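Right after this note come the structures.
In what follows, chain A forms one complex with chain B and a second complex with chain C.
This part shows the complex of A and B:
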């Protein structure tokens, strides 16, 4: 288990003028249970990919919630969608659906950027 | 020449229908993938074609499969389809006898009674009239049942009927009107010229008080126009299944199978759906969770008309109950997987970070627990105990750092990622040089069997335990407890393994049956394939399943899938155990069994001595 403890966020300044918080609302529409997450990290503790590499779903979710998308798509590619995180979640969050939809939402964002 | 302008709508409709169907056939055949084309070319001129003709008669005309599912529904469909088919064939023969040539006007058979008004003296005229009237009666009984089904589907043993699209409604109404109008038109003509049989003749007599001369032509016009409406609506409605199912049966017999990607064959399967709605009643999302817009019939309809949304494609447990129920045999779950497929990025590798380990010891068996089994450690401990008791040298492949088998990715449509995982796992399995691969998870098992290229046989642990028992490597004592077995979707419907787990359980306790088992078994609700429903919906499905399974109050609810176990355990209704656990508890250790044998010998010796 790599880096699933409390030090998941690097020191950083969040600029809410540039952060895209709208994307999170779109995720909530798709996966309403996402807002129940209390960032306990059980998902990351059980993660199959986390045994091999520093993939941290809890971190990804937190970054996305705060509108920080840098490198998120590449990070999410490490997931194998095995679904263990969904089963261990104490809050019944459909974590697997979050990852699935995040991939789609993120690519959607990219697409719109190119268009405008 | 027997001609009247009222045949024109019919003729135009028939030509339009013919052209559209030919166009569709050609585009489907063109879109078959390479493997499917190869099989079609290979088997087209073999005995298989004759077999296919036999099956077309059995399935497309007589509908053996619908009869098996539901006899009333079977009769309804057969009376309409087979009845109409015979009406056309017998009518054609009759009109040929009448005209004295096989090449009479093509519409003569359809409007025969109108044109053949003079006293009949062609061959077997009376018999033909009787047969045609009888067939019309059969078809009308089918129409009656169909109307009943629309109004009250319960009369025909169906809980829910399909909600229809506009084209379906047009075609359906036209079809319902075709036969009553034919009856009226023929009866009116019979009243004028006396050429009716027992049905049309009698009705004609009843109607002789009406202004028959004035009514005759409008009725024949109406009949022709209704036929036109049906023919034109047919290719765009559910009735496209009539010309499509025949093609599907031929392709299937020639050996074409649905592949990984959407192809012309999938198109044919989608068009072969008659939207009968049998899959709605089979779907747990419908009857346990009250979601009723995602069932295979709606999913296939949306796909056909290009309206498929992500939410509908993803909202499915892929349990396979609808595929099992489908009377046409459409591979609904497979098509759903094909449509979930995402674009691939050539050359990209996703899991290069994985620390794959090679096996150094030379084991007989590779054991792959699977991700889910790691959440139910009791299964893993039990399997270890069983391996040790049987004295098998095994390698636990994913004990420390395992990878996923790739199937969850595959089910979600990430084929490239799935292939990446598969190649990594195959390399590890290959490195061990073992003779058998055993897995505890039916999801992995299905993947190993269907998607991996392995030289060694793959066993699910239930099969493996059965072989261990049969070869006397482990001995079990009968605990006498009552057990109900739950068939996991991927193991039962997915891999056709129903008997091995039951054989094992029979040796340990009293195996009880439940209402829905084997092919009809329920999903536990925990399926990974559905990325839309939330926990509350899953809980509804699980609770309904538990209710059915624990009806007989068994001591143990046995299953063979860690995911099913995990779902059912939270239901708190019964003691849920995996077969491996039950076996491990009831295993007679080697030393103990020797001791037992010794006591038995002494007892026998004493009996003989006395």
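This part shows the complex of A and C:
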């Protein structure tokens, strides 16, 4: 199945009034260079994981930035943390650290959801 | 006639335009150029953006401007040392020939980015990866062909090669390559109308006058396709074509594409002469360019009295911007000559 970056079955808009945009600050604390990403997609293009799976690191990063967490943790599991994406990034973004820390922040967010 | 003399280092558009304006104001000057011919980088361009004017016409006009009794031209002479002593300036080449003057204009310009430094894009490794400068040279004979002599059916242009790239140490935008890609894509489509032309970009920077119009025209009339994504690598196929990988970021899908020719839009870097002579005089700015005294009215001056700047030795500029900057430098030089004894 094609992965279009959004789900066709569930009509939705990005609602900036209700989305959790603050979670991104927790990533920035750990990986300040994430701010510099200009979404050029070179990382996705070069990614070793997307040879075998449908995986788009740039889009995962953008979705997290926009407070869209659905299915993200599972998506990020496809990354092997090989760091190839870091080699091509024109903005010197620490891509690997983003993935690593996203995993932590996301599991933390889920934990809190269960608790409350 | 003023009894003061000016030395202009660099015989590109900036140096020539300043020489002409100074000569008209009765200032005597020497223009020194390292190459055998004047005109600098525009020697390599065939037609200019955004109006497709023949660069050769512009060159002829510039060369005619040098026919003035106040202008002495010395070619084949590369200045490698520049220093002030008292109220005078001295410039030397490696053969220790010395030139003396009351004021100096640095017009040593730029060099294009060496695409071999982006090894992953295959320039110098695969024959069918060329640069925008190679494209200009090929276009002079109206023949854009693959290394096998075939007419490309599919061509891709990649923006920002050597610019906006932390990996090569250049954070800045070179300002000329987006519009140059639009121009070259149109030129290619005119030569091979049934071909496909793709342009890969991160942002299309169409800020100059008539740039946006040309961009529209390339889409409407020539069907050039723009893809928002940076090509991460190029590889060669069995039949010597070029396979590129990018993400089509607007559809959020990784993509690959095989093209007959990949054109790298190389950026503007400070020339070796610009960096060397700026460094010697403590006026070295960012990325090896020369540093003006200030951004506003002091843009042609430097922290060294009697040392002036014009053109792309300061930063990336288009040709009209360079020429305007040269005329602006003239005013500052004349004011300086009149107020120093």
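Side notes on the structure shown:
Just so it is clear, the second predicted complex is superposed on the first by the 104 of 116 C-alpha atoms of A that agree within 3 Å, B and C clash if a C-alpha of one lies under 4 Å from a C-alpha of the other, contacts with A are read in each partner's own complex, and residues count from 1 in each chain.
Here is the rule we use: a contact is a pair of C-beta atoms (placed from the backbone, for glycine too) under 8 Å apart; a residue touches a chain by one contact, two chains touch by 3 or more.
Everything numeric here is computed off the predicted structure, so don't read it as measured data.
Look at chain A after the overlay: chain B and chain C fit there side by side. With both structures placed on the common chain, the touch criterion links A:96 to chain B but leaves chain C unconnected. In the superposition on chain A, A:88 makes contact with both chain B and chain C. Of the two partner chains placed by superposition, only chain B is touched by A:52; chain C is not. When both complexes are overlaid on chain A, the residue A:44 reaches chain C alone and has no touch with chain B. Minimum C-alpha separation, chain B to chain C, in the superposed model: 7 Å. Within chain A, the residues touching chain B in one complex and chain C in the other are 46, 88, 92.
Residues 32-33, 46, 48-49, 51-53, 77-78, 80-84, 86-88, 92, 94, 96-97, 100-101, 104 of chain A touch chain B in their complex. Considering their complex, residues 120, 160, 164-167, 202-203, 228-233, 245-249, 251-255 of chain C touch chain A. By the touch criterion stated above, chain B contacts chain A in their complex at residues 310, 314, 350-351, 353-355, 371-372, 374-375, 400-404, 406, 408-409, 412, 414, 417, 421, 526, 528, 531-532, 534-535, 563, 566.
Across the complex, chain C is touched by residues 2-5, 38-47, 50, 56, 58-59, 88-92 of chain A.
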